[in-house]
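Heads up: the structure comes next, in structure tokens.
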Amino acid sequence: MIRLLAGRLLQAAVASFGVLTIVFFVMRLSGDPTLLLVPEGASAEQVAQLRAALGFDRPLVVQYAAYLGDLLRLDLGESLVQRAPVAGIVGERIPYTLALAGGALLVALGIGIPAGILMAVHRGGVLERALAALVLAGQSLPTFWSGILLILFFGVYLGWLPTSGADSLASLIMPAIALGALTMSTFARMARISVLDELSRDYVTAARARGLSVWAAVSRHVLRNAAIPVVTIAALEIGNLLAGAVIVETVFAWPGIGQLAIQSIQARDFLVVQTVVLFVSSVYIAMNLLADLAYAAIDPRIRGRS
Amino acid sequence: MQPALIVENLSLALGRANLVDSVGFSVAPGEVLALVGESGCGKSVTAQAIMRLLAPALRQTGGRVLLAGQDITALPERAMRALRGQAMSMIFQEPQAALDPLATVGTHIAEALRRPLRDVRDQVLQMLAEVGISDPARRIDQYPFELSGGMCQRVMIACALISRPAVLLADEPTTALDVTIQAQILDLLRRLAAERRTAVVLITHDMGVVADIADRVAVMYAGRIAETGPTAQIFARPRHPYTSLLLASIPRLTDAPKSTLAVIEGRVPTPAEFGPGCRFASRCPLADDTCRAATPPLRDMADGRLSACFHAEQLP
Amino acid sequence: MRGISPGMALILLLLVAFIVAALAAPWIAPFDPLRQSLLMRLRPPGTTVAAGMYLLGTDDLGRDLLSRVLHGARASIAVAALSVSISLAFGTLLGLLAGWFRGWVAVAIMRSVDTMLSIPAILLAVLTVAVLGPSFLNLILVLGLTRWPRYTRVAYAQTLQVATLPYIRAAEMAGAGSARILWRHILPNIAGPLMVVATSEFGLMILFEAGLSFLGLGIQPPYPSWGSIMSVGRQYVERAWWLTVFPGACLFVLVLCVNLFGDWLRDRVDPRSQGR
């Protein structure tokens, strides 16, 4: 268990290091990163001054080492556009994105998992086909389109829900549904496959031979076994939800890090964009790690190993 | 005495293919009946049909099942659930696969009593001891992966018998186990069945197992009963050519060294190849035109046996 | 080919229709997609003028929506096809190398795959396009060069499997070089699963192109893309529903068809689902 954990931690560390490296080099792709950091319309002299001040005239390797050093000290830098620490700018938007992702996760889990289980247990029935259509739609709907359709119908036509902003809990409903639809489909497909897989096993027949009903066998035995692969996917999907927030937040003018990233690109405030990418990737890696731990918590075969 | 279980004219179909055709047998309390045949002869689906746990693709097309004299064929699912695990139980070929990997030994057994484990812990511990599991207090909280195959089968037996069912269906219970463990499990089944007056239907392909444990034998071939009768008589003088060939294929200590074992020529016909006649005709040394034209009925051999062979009297 | 159901035939027909519409857009579009007519701004579908009918209405600059949607199909399909080709080629090459040489080559390649997969793709694309500046070429390069890891994973796993087969060993012993074995013997054997991945990526790339264009990071105005049309539609959502409904519906139907085609292809290729 300890060794497993250590191995996973090491993997996460390697992945984080890789992410930092990729982001560093992507930021250097345009040649001179100074140009990405200065406000538009700066004079050549100002640019040269800043280049020296930020050390972008040094060799790339030195810059890379300095960049890693700064991040290790959790120094994310200062936005030259907003003249404020990047950590603060991004930090105050994070709760909004987490609320949105949480709402979307609720939608996805609340509909996707039961739908997947029902599809597996009612295999070949009318219910399965109806749910399969729902899943397929969720999988192929572009979030910005479903978002705008929701706005058209509930916001403009019926006038029930606010069409943008984050003024009340009601503002969260439509963005959460739009963002959660794809994840819902993923959960439903995963849940269906793994429940079907488990239903074909002998222990289900044996449980029924002990007098359990199909549903009792499912709830007492199948679900826990089927949960193992689903938990892994669920953790990964949280990362995807944060990434998908970029588009949904733009559609609904939701003041989270996704909207911030797009606004920052338009304002050429690239340190902010970089920080958003680093934040989402760290959550992604952390969720991966969490999935492995959850795995161990569910499965005694892993828990027991030392 | 009234039989604990009677199966009459049971027929099962997969689509249009007729897998099991008019199979019938009965088992008395405390008796062990072996249902013998090659794999694919329909013995396992027969057991599933008795429990009414057939895969959705399979249908029962005829016959009935009587449990302690009561016809359970048309019982609603709810009533069947009340019987499963209580009046009739089942154990399986792969004991490790038949246990939920994420549930403890105790949880499984308590489930057969339909009570939470903490209410019936003592009873479960006693049952574990009875099926020969050492250190039950420790084993009760262990998971299947911590147990050997033989121990898993003992746990399955504990699950199956703790509610004192009238009938136990054992589907190849020792096939997946080591030879030494096989004998122990068979002994255990034999002893518990006798003590508790449980009627056992033991499904196997292994004539050695039959000789060890069965009081009576029903030999199945291609979905039909070929012959039934007391074990000793069947072994001493088979009344169906298929049984003779099955017995001839068991190695014996008395065989001369390097002598070749008898092998049954040909192969079992698939359900699509079933003709109007005896299904063994294509492999039978005694087959003639009658055999290929008509289905031989099960005939009383006047010594407590039934045989489905037109030429039963010609056998040595 | 055997066993194409009527449903599958419809899907293939729709896919062909999309491709034909994209290729023939300049000839079948009723209007010039770039020609503005400020007097005809935001006209609803069916508005008739002397030059013809605005079947799907007009946008905020009075351009014909049908013509823009038809030309938008070009952008979608071109970006998806080119970026999928790049990532397929690049990802497959890396996977083949990792699976064939194993050892440290495999460790290095597969670790990069894990790392790439821990950055959400859309964010990496957003960051890269933003840094490089949005353009058609950059869009294709970025999507092509960020989406290779899935192919690498599949190619790697498949190569490991195929490389142990006796006839590969036989070819090796007959003196065939690595490049020749990889190209002539291994690649044809692992092509099926790779095509399944490529199909699902094709659908995803159509969505990515539309998403990035929606964010203003893809196809640049005035050239039409479904995403950028919808981005304008978002601004006029209360006055001009047709600006979002029509391009979105095209996007939805196209992606749906690609996904269904991918599922069908997977059932054909995956040996586990054969004969079911």
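Should a chain be cited, it is by its letter among A, B and C, assigned in written order, with residues numbered from 1 in that chain.
As a convention for this text, a residue touches a chain if its C-beta (ideal position, glycine included) is under 8 Å from a C-beta of that chain, and two chains touch if they have at least 3 such contacts.
Treat the numbers as computed from the prediction; the structure is a model and nothing was measured.
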{"item": "Between chain B and chain C, the fewest steps along chains that touch one another", "value": "2"}
{"item": "Furthest chain, CA centroid comparison against chain B", "value": "C"}
{"item": "Whole-Å gap between the CA centroids of chain B and chain C", "value": "57"}
{"item": "Chain A and chain B, separation of their C-alpha mean positions in angstrom", "value": "53"}
{"item": "Interchain centroid distance [CA atoms averaged], chain A/chain C, Å", "value": "22"}
{"item": "Junction residues of chain C, two or more chains touched", "value": "none"}
{"item": "Touch list for chain C against partner chain A, complex", "value": "111-112, 114-116, 118-124, 126-128, 130-133, 203, 207, 210-211, 214-217, 227, 230-231, 233-234, 237-238, 241, 244-245, 248, 251-252, 255-256, 259-260"}
{"item": "Chain A to chain C touching residues, read off their complex", "value": "11, 14-15, 18-19, 21-23, 26-27, 29-30, 36, 136-137, 139-145, 148-149, 151-152, 155-156, 163, 239-240, 242-244, 246-247, 250-251, 261-262, 265-266, 270, 273-274, 276-277, 280-281, 284-285, 288"}
{"item": "Residues of chain A that touch chain B when the two form their complex", "value": "124, 201-203, 205-213, 220-221, 224-225, 298-301, 304"}
{"item": "Touching residues (chain side chain B, partner chain A) in the complex", "value": "48, 51, 53, 56, 77, 81-86, 89-90, 92, 94, 97-103, 108, 111-112, 114, 143, 145-146, 156, 159"}
